[in-house]
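Labels run A, B and C following the written order; every chain starts at residue 1.
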Amino acid sequence: MNATGIPLKEPAIASAAGDMEQLERAYIDASTRVPVLMFYTSAIAWLLLGTVLAGVVSFKLHSPDLLGNISFLTWGRLRPVHMNVMVYGWASMAGMGTAVWLMARLCRTTLRFPLLLVAGAGFWNIGVLIGIGAILLGDSTGFQWLEFPRYVAVILFVAYTLMASWAVLMFRHRRGDQIYITQWYLLGAFLWFPWLYAAGQLMLFVVPVQGVLQAAVGWWYANNLLFLWFGAIALGTAYYMIPKVIGRPVYSYHLATIGFWTFALFSSWTGMTRLVDGPFPAWMITASISATILTMIPVATVGLNHHLTMKGYFPLLRYSPTLRFTVFGAMSYTIFSVIGVLISLRSVARYVNFTQASIAYSHLGLYAFFTMVIFGAMYYIVPRLVGREWRYASLIKLHFWASAYGIGLMTLMLLAGGFLQGADMQNPALPFSESIETVLPYLRGRSLAGILLTVANFIFAYHFGLMLLGLGRTSTVPTFLNPVDAEPSGGH
Amino acid sequence: MKGLAPLFLGIFGTFAFSWIGLTVIPNWQIGHLNPESDEEGTDIYPQPQSGMFERGAHVYAANGCVYCHSQQVRADYAANDIERGWGNRRSAPSDYLFERPVFLGKMRMGQDLANIGARAPAQQESPAPAGAASPVASPGASATSPAPATSPSSQPSPATAGGSPTTSPAQSSPAGSSSPNTSPPPGQRTGVASPSPGQMANATSGGNSPVAATAQTPGAPWPIQTEGLPPMYSAAWHHVHLYSPRSINLDSNMPSYRFLYEKRRISGERSADALQLSGSDVPPEGWEVVPSYDAKCLVAYLMALNQSHPLKGLRSTGGASAPGPSPAAASQGASPAPSPAAAKK
Amino acid sequence: MDDEPKMPPRTGQGMDYGEQADVLEVHAAVQREKREPRVGAEPLSIWLIAIYGLAIFFGGAYLGRYSGNFSGGGLDPMGAPPAPKKAVAGGPAGGEQVELSPRDRGKKIFAANCQTCHQANGLGVPGQYPPLAGSEFTNGGSRRMGMIVLKGLQGPVTVKGQQFGAAVMQPWDKTLTDQKIADVMTYERSEWGNNASPVTAEQIAALRKELASHHESYTEHDILAAPDEDIPGGAPPKPGEASKPAAPPKP
């Protein structure tokens, strides 16, 4: 669509202000259709690949001889591929797609140069593809979440520049004085990511720092990617979706401000907790643990803000898929952070460090929190892009419950297994192999949870595919999870 | 919020704070350490590593060893890494000066490898196949003679590496047959038929391998001895372990890295590098399994992982001291400085 | 933006692809959706502020407790002294680790605990706090000095011919470990021109055990009643101790 200007001030076209707003939104949605759908389609394709890989990786961990004799199918290569597919393929692309749409809506401007974004997404996909190829062929760098070799980093960076340039453009053309909360988070995410990525690449590969500091930089990067990139996008999305669906203002501006700035300030300092008791000056680790304790401030603030916004509207969770996924994700953010504090305290960390508990933690952050929020956003955004409603309420329900139970079970299994593994590891009377024996049943349980998540993700992908092919319902009412008797109060 | 300027500045400032605090300041503090030496400037530690080491580190990264193995020993007040025999002191920044990338690791689905090279048997005791890696063994190894240093402390907790009883050939009857090897059984000897890995090794390799005799040192100081296999943590042992982890430890959940090895027909003489396999892994008559260059580099890398050299300001559990490190060190008269353990009391 | 021709225009609801002209036919989802979110302005609750206070308190306390003195060499969170990276040239040889010498450690303990009264120059405050420099107690046997440090001193006391008595010396046996008391005594006995034998933690431990039944601070009379001797088990009987001898020369 080549309409770059919105005929807002034309009273001939629309008579009422409400109509004008609707028109404006329709134009905006139309302008974002191709890039956002491209982001979403690639993201979901990566999600499926990552899910399959996760299953293989999980099974191989307790059945090490499965597919073992081929170099590119060895566990040590599939695992980083799984992580990178999920992080850069699924989460980053889904997050950027959502962010593009939200940004356009909130800046009240159509997306300019959508082809730029399409090209960026294409480059990004190519980068991830080459990256996982490189890992499979044995060219991994060995730093968690930075396994892609340098040449891939260059591709990703170019792609990112292409994609980030729209944000600047959009902000320049935004209308209205107010910058809504979501925009703070999204703007933060889009400015933090390139800095983070560039700093990580420079300090690790171009001008590498000495010795253990590489590990410090690596974890600083990985942790900030989790918080400042994925976390910020997901929080921003939740700040949009919750008030939007229930049609009520966010509870408090002050809470939002405090929540945002303390989030930016403290969560960016938490990276060193994974290196507890390691060969580092103690203050680095302690500073991160303190920062983790201090993240309780944004967690409590944001959680309270969301909760009080939702207050009185919780029955809507019965109907609205978006709200249900988003609220699940927002609650997971609280749980994720509280567990983060618990396992980072030195006295606890010496038990759970080097165990599966840290895997539970990252799954909580990346799946229970981020991915669920993004699923919620997709349930909201996709119908607006394709002009159809989700076809089956039952599939959405199945998707939700399989995801919720799957990630819940996985977290529990990994946390419990991790704690027991750590307790065994700390018991000098037991041989080391005992700790592995202890955790293996839990890893099998994790594989079971993985099957649930696989089911969930494939259902969602199928449903999304139907939407993409125009096979959704054409209806004036959205697809609710449960039948609504009267006109639902949730505008969806 | 009105106005972009405060928003931008805040976003910029908070992140700059974290970036400076957690990467720039530490880099200024410990980013330019020098190797330590004694007064005469000799006995420098750590030292730059060989090219094989570098390449081995790359292999280590490529195959994701870091996702299961850490390379850091925690202090005795925090964990019992030292008591497990994984090192004789905690790791320090100086230990990693020349390592790039650094594989500290954050998961222990396998043992800590910070001192795996120090836990190897002393060089002269290594059987012949270790020759592949011996030139790169750490220069400090001979001076501090690490093997006896760690072995006494690992005695009280038998089977540090785990699962030793099951690997002993004596009680092998059910274990041997259930050996989970999905690999193509080489030749006519299938895993089901083999009575025990150890006996099989005797039967097959005893005849044509000159190594078998030297390998069976009965009273070896390292904890697990599997009959017919090279001494634990020697280069030859690493090769066998990488090729077939469950031939050494039935409970191991380490994947095998057979793709790093080449099975080839013996041309003329049997290669000195050929693996000394047992059980169902034994190649058919006239064939041998030899490590690729990558595998040799990986083992060279492992054999060079050694943090047993003392570092200034860090307490090592004494080399010859009795097992039970911390009380022993504390009772040595007035010499120990306020160790962390003492400071805590 | 290019059109997507894959979707033929359908009747009914939904914004059909490729029909930009018909701006009034707005997608049903857009029509029914609520307005863009706004922000309310409720005030902060007092409970939230309490949570902030709690988090800041615990975070700060944690940082203070486990900071390892913020030094690059302080690997141990409890603030064990950092490794003397630079000033090791004078350290004892023989492969032994170089720590801070007992005297250097004692200097720190002195600065933290004793300096307020006895002053950095060891001269005390006339009429109130007796000097340590040149004092007969400091330079005498370690037994008397150890008794004072462990259990404290009250009442008038004569040091270097001058009367003191306005202040009370507190007992240190509850607050300092044997090692620390030994270190600080070693420091005091070798600083400011003093030249007495170093003291070991074992000696202090022995003395502490010996005095365990005594609960009050000593008076000058009690102290003078004790023999002026070193506590048995000191450094001299153990010549093998390489790292012990009093003060390593300053580099």
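Definition applied: contacts are C-beta pairs under 8 Å (C-beta built on N, C-alpha and C of every residue); 3 or more make two chains touch, one makes a residue touch a chain.
Computed from a prediction, not measured in an experiment: that's the story for all the values here.
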Between B-C and A-B, the pair joined by more C-beta contacts: A-B
Chain separated most widely from chain C, comparing mean CA positions: A
Inter-centroid spacing, chain C versus chain A (mean Cα positions, whole Å): 42
Approximate Å spacing (C-alpha centroids) for the pair chain B, chain C: 37
Residues of chain C engaged with two or more neighbouring chains: 71-73, 75-76, 79
Sites on chain B at which at least two other chains make contact: 26, 29-30, 75, 90, 92-93
Multi-partner residues of chain A (each touching 2 or more other chains): 178, 279-281, 287, 346
Complex contacts: residues of chain A adjacent to chain C: 1-3, 7, 13-14, 21-23, 25-27, 29-31, 33-34, 105-106, 108, 114-115, 178, 180-182, 239-240, 243-247, 249-256, 258, 279-283, 285-287, 289-291, 293-294, 296-297, 300-301, 304, 308, 345-346, 383-384, 387-389, 470, 474-478, 491-492
Of chain C, residues touching chain A in the complex: 1-4, 6-7, 10, 12-17, 20, 23-24, 26-45, 48, 51-52, 55-56, 58-60, 62-63, 65-77, 79
Chain B to chain C touching residues, read off their complex: 26, 29-30, 38-39, 75, 77, 90, 92-93, 310-316, 333-340, 342-345
Chain B contact footprint on chain A (complex, rising order): 60-66, 68-71, 74-77, 79-80, 138-144, 171, 177-179, 184, 187-188, 191-192, 195-196, 199, 203-204, 208-217, 220, 224, 228, 257, 261, 264-265, 268-269, 271-272, 274-275, 277-281, 284, 287-288, 346, 350, 353-356, 358-359, 425-437, 439-440
Contacting residues of chain C [partner chain B, same complex]: 71-73, 75-76, 78-85, 88-89, 91, 93, 95-100, 102, 105, 177, 179-180, 182, 200-202, 235, 238, 241-244
